[in-house]
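Next come two complexes built around subunit A: one with subunit B, the other with subunit C.
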Partner chain A sequence: MKDRLRIPLLLAPALVVVVVFFVGGLALALLQSLGYMPIIGRYEVSLDAYRAVLRRPDFYQSLLLTAWIAGVSTAVSTILALLCALALRRAFRGRRIATFIFQLNVPIPHVVGAVGVLFLFSQSGFLARLAYAGGLIREPADFPALVFDPLALGIIFEYVWKATCFIGVILLAVLLSLGESYEDAARTLGAGRWQRFRFVILPLLLPGILSSSILVFAFTFGAFEVPLLLGQRFPSALPVLAYRSYTDVDLNARPEAMAMSVIIALIITILVLGYMRTARWAAGSGQS
Partner chain B sequence: MDQEELDRAAGCRHWLVVGGMVTAVLLPFIPLIIWSFARRWFFPALWPTEWSGRAWSYVFSPGSQVLPALLNSVLVATAVTLLSIPIGLTAGRAIGLYRFRGRTLVQFLILAPTIVPALAVAMGIHVAFIRYGLADTRLGVILVHLVPVTPYMVLIMSSVFANYNPDFEAQARSLGARPWQVFRFVLLPAIWPGLVVGSLFAFIISWSQYLLTLLIGGGQVVTLPILLFSFANSGDNPITAALSMVFIAPALLFLLLSSRYLQGRSAAIGGFGKL
Partner chain C sequence: MKKKAAALSVYVFFLVVLTACSLGVETTVNPPTAVPAAPSAALSAPPNAAPPPGYEGQTWADMVAAARGQEVNFYMWGGSDLINNWVTGYVAQSVADQYGVTLNVVPVADAPEYINKVLGEKEAGRDSDGSVDLVWINGENFRTMRQGDLLYGRWAQFLPSSIYVNANDPSVTNDFGFPVEGYESPYGKAQFVMIYDSARVAEPPRTIDDLLAWIRANPGKFTYPAPPDFTGSAFVRHVCYWAAGGYEPLLGAFDQAVFDEKLPACYAALNDIEPFLWREGQTYPENRTRQQDLFANGEVYFDMAYNPAEAASLVANGRYPDTTRTFVFDTGTIANTHYVAIPYNSPHKAAAMVVANFLLSPEAQLSKALPDNWGDLPALDPALMPAELQGQFAAIPRDPATLSTEELAAHRLPELQAPWLTAIEQGWETEVLQK
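Coming up: the complex of A and B.
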């Protein structure tokens, strides 16, 4: 009987934060995207902002760019993380220090990673100087544009740099907790290297791979600071486009900014829910 | 190929992966460190032609913008951490210890901010913060930082409480312990490692926030990342580099402090996804 009151009381502080600030923020964004802005005397509700956004050609270009950035970053970092985690699982000299370095950039803020990528990959950056010293280029313009570039490679480098370690640390933790017994069993049954990886390790790692890569995808799709620092001005990543509309001096641009950020949130939510359902289905069919 | 050759090839591949990985992780830090001590370093020089401690003396000079920004960052992150501790303790206890109706829904709700980007939330709530005088204030920034911090604090604390046995509390009570004694001598020692890791997380997540501070702080609450961004855009490489080094200091400290708790604690490591 006492628990009946105790649990809601225990949950109250966290729920207040989530419901008031998170759900409340989303609801206000939705209201404003519908044009409801009492602060400037607008009370009528309409889908005009969404229509306007969907008519903008730069919206589709930004959407495509953002999907490209998030997709490539997630795919590349997942594969690299798998490789690194498998390499770090084996016993070798210097493994402790290698593992420490591998964890090193996980808590580093993205802004710093972006500055590092800028100093490294810009056309007068560290790598361009190395290329000059090696006789590969003669002037900065000869060096391929890797930041502020149309393919957003600089942004992808930064995301891959951080996310590989993030996913890798999680996969390594799973691998170490599994131990070698499953593989030993497979080996005594005559499974080769590839078979042990494909039919023993990979299925065991799959939940970890799916849950960490979905976090990376959601983050890279909705993140703002790295594209702001390393992206070209046009087309820009979708969150940057939304932010620019938000800070536009013309207050009429605000509903459009809200509509764009609601669309971003919606796309991510739909993708994540679909992905989770597929993952659960795949895990279920894998077990049977 | 005989077995020995195969083994050697596998060993080479292994070192290639490990070596490449270590290089790739460390590479972006190299120009950062060098730039922070450079005065003149034009293309194509591989090494600065003139060195200088200007950036570092600017960072630590009392008249610079750095110290107030550092103070703001420390104040905000500390307040967010202190606020998130009771939030995480209570919700973590409820989710970790009890099975109740709607538990899945509550978990889903609390974890939602890890997936839905902060942009929509911050833009939406900005109006309300302006209305209640919270925009452009430190308090407003602290409150809005609770959104990304809360899920991870609750996640970590509920995994701690899942392995906690509340019967010890009943035993202590039956021996005459007062509520605060139960808290101090039974609960706190049991959850201490998780609480430390969770607090470090909360601090680092708040410390790294840029967008939320920019929108809600409105340029009035200048924290380190806000300052770092403006220097990065102004193209002053030495100061940008030195500031970056200051900015990552707590992260490195965090890694040293928590590395012994972090191994195998994948739920906790999940918190890094938001940094």
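Coming up: the complex of A and C.
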């Protein structure tokens, strides 16, 4: 009885923050997306903003671009993280320092990473200057467009740079806690390197891979600062499009901004739910 | 083993580069240059000026007394190190010394950030204890805040410094065609100029026709910040004035019929040059700061600014080459006034007015006009001042990269009303950017 009271009580401060700021914010966004803004004399509730958003051709272009950025970033960083984690779990001289360096960029903010990418890869950035000094290019425009480019390579690079370490740290923790006994058992049964990876390690890692990569996907789908700094002006990532509507001087553009935010939240929720089902299924099949 | 060491060193290299780059961003801080002593403005409100609401029957001295010890949160565009240094240095120091007011500068990227803040506070019912005391504002943002009843007024007529403001100058009493009516106090004047490097472009194109021809002849060397960026939006308006055969048809209230008749030619011209722009016009600099980077790095050969003296200060702090010069189009460039305003729910209105009064004083306007401090055009009319002050304003030194006040004044075009700006920006988005 005591415990039953204690646990909710202990959780209460965290829950209050989540409910007030997250649920409250979401509810407010939902209200405004329905056009309810007493401040400028709009009381009627309607789906006009959603209709307007879904009629905008640039909305679909932004949606596609955002899916591309989030998809590619997640896939590439997951594969890289897996390779790094596998390499770092073995004992070798300097492993501690290598692991430390590997984790070093986890606390670096995305904005700083984005500015770094800008300095390195823009057409007048560090690499372009090296190429110029080395006589490889004659003027800035000869350097390939790696930021503000149609394929969003700069954005993807920044996300991969950051997410690889994030996923890698999680996978490394899982790998280290597993120990080597499963693999040793497989080896004594005659399993080769690839077989040990494919049938022993991968199934054990799958829940970790899925849960960390969905976090990365959801984040890269909804984050706006990196695409704002490194993205093409048009089409722009969905969160950037929503932000531009939000900062439009015309207050009547706000419902559209909120509608876009609600749509982004909805898409992420659906994806996460689907992913969680897959994860549960994968975990189940991994154990059997 | 070797491979790992190689991978490791690549990583270390990347981190080092990142650190080095972030160090490189820091710019030197110029201490504001000393100003020749100017007699401070009259210490009482102008005769017959009505006290602002909430201060009925009080004098300016009462206001100054009420302000002592208060803290003013000043929300301002923070994109210029020069301006930031002047406000956080000279202004903050002066109001602290002279009035015991603490100035707290909050930099924002764009005015809608603080508008949304005040709006949010109004929605939440925080009608008397808002967090914003003073904002740097003009144009469509002033109009938006007035329409949302988010501003305090009328107060600007009560400032002692306002005696030197020319009440008959329509470009001061109207903010982008919207009457000011004491809801904001003048801060400075701005005029659009084009910036170029005389070492790369010997003779700049002085008409829109010549500029468009130059862009075609020099592919990839021109671009402009994407509207709604303030500066990029102004550049687009110049092309629109040209396409409409002058600004006259676009003056006055917004008229959809005139828009439909005159503006397609403007967007057509901008679309025609698009393949010859930086990156073949597939993308545009997100904001003016990016445009500055492109110009400083030699990726493009032209920059543009709403402050005629900004190029000179960028040369002075080493970002732009010494050969940087500015020019205005023969047909003129757009000029406007910028202001400070007080949100309706500021808890420190007296202190905010004291700061606004200081910003408008001849002392601060002179300091602001010095190229090393900011180089902003004064909002005061020297003709209304005593001879001694007039002399000080006339003696403001001018950099070779800055045009003379006479040349600027002879090439001044009016601003359009805010609904025109919004319509032109939205039209650019759909007709130029997305095509």
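One rule holds for everything that comes next: the second predicted complex is superposed on the first by the 274 of 288 C-alpha atoms of A that agree within 3 Å, B and C clash if a C-alpha of one lies under 4 Å from a C-alpha of the other, contacts with A are read in each partner's own complex, and residues count from 1 in each chain.
Criterion: a residue touches a chain if its C-beta (ideal position, glycine included) is under 8 Å from a C-beta of that chain, and two chains touch if they have at least 3 such contacts.
Every value quoted in this text rests on a predicted model; they were computed, and no experiment measured them.
**Q** More residues of subunit A are touched by which partner: subunit B or subunit C?
**A** B
**Q** First (subunit B), second (subunit C), both or neither: which does A:Ala91 touch?
**A** Neither partner.
**Q** Go through the superposed model and pick first if A:Leu5 touches only subunit B, second if only subunit C, both, or neither.
**A** Neither partner.
**Q** Counting only touches as set out at the top, which of subunit B and subunit C does A:Val112 meet: first, second, both, neither?
**A** both
**Q** Touch check for A:Leu189: first (subunit B), second (subunit C), both, or neither?
**A** The answer is neither, since A:Leu189 touches no partner chain.
**Q** On the A-aligned overlay, A:Leu120 touches which partner chain: subunit B = first, subunit C = second, or both, or neither?
**A** The answer is both, since A:Leu120 touches subunit B and subunit C.
**Q** Quick one: classify A:Ile101 as touching subunit B (first), subunit C (second), both or neither.
**A** It touches subunit B and subunit C both.
**Q** Is A:Phe148 contacted by the first partner subunit B, the second partner subunit C, both or neither?
**A** So A:Phe148 only meets subunit C here.
**Q** Between subunit B (first) and subunit C (second), which, if any, makes contact with A:Ile39: first, second, both or neither?
**A** both
**Q** Taking the superposition as given, does A:Phe234 touch the first partner, subunit B, the second, subunit C, both, or neither?
**A** Touch status of A:Phe234: second partner only.
**Q** So which bits of subunit A does subunit B touch that subunit C touches too?
**A** Correct list for subunit A: 39, 87, 92, 94, 98, 101-102, 104-105, 108, 112-113, 115-116, 119-120, 124, 126, 140, 228-229, 246.
**Q** Would you pull the subunit C residues touching subunit A in the complex into a rising list?
**A** 1, 4-5, 8, 11-12, 15, 17-18, 21-22, 24-25, 110-113, 115-116, 119, 122-123, 140-141, 144, 147-148, 220, 226, 228, 278-279, 282-286, 293-294, 297-299, 418, 422, 433-434
**Q** Okay, in this complex, where on subunit A does subunit B touch?
**A** Contact set of subunit A toward subunit B: 3, 6-7, 9-15, 17-19, 21-32, 37, 39, 83-84, 87-88, 90, 92, 94, 98, 100-120, 124-126, 128-130, 132-133, 140, 161-162, 164-166, 169-170, 173-174, 176-177, 208, 211-212, 214-216, 218-219, 221-225, 228-229, 239, 242-243, 246, 257-258, 261-262, 264-265, 268-269, 272.
**Q** For subunit B, which residues count as touching subunit A in their complex?
**A** 14, 17-18, 21-22, 24-32, 35, 42-46, 86-88, 90-91, 93-95, 98, 100, 106, 109-110, 112-125, 127-128, 130-131, 143-144, 146-147, 150-151, 154, 204, 207-208, 210-211, 225, 228-229, 232-233, 237, 240-241, 244, 247-248, 251-252, 254-255, 259, 262-266, 269-270, 272-275
**Q** Under the stated contact criterion, what part of subunit A meets subunit C in this complex?
**A** Within the complex, subunit A touches subunit C at residues 38-40, 57-58, 87, 92-94, 97-98, 101-102, 104-105, 108, 112-113, 115-116, 119-120, 122-124, 126, 139-141, 145, 148-150, 228-229, 232-234, 246-251.
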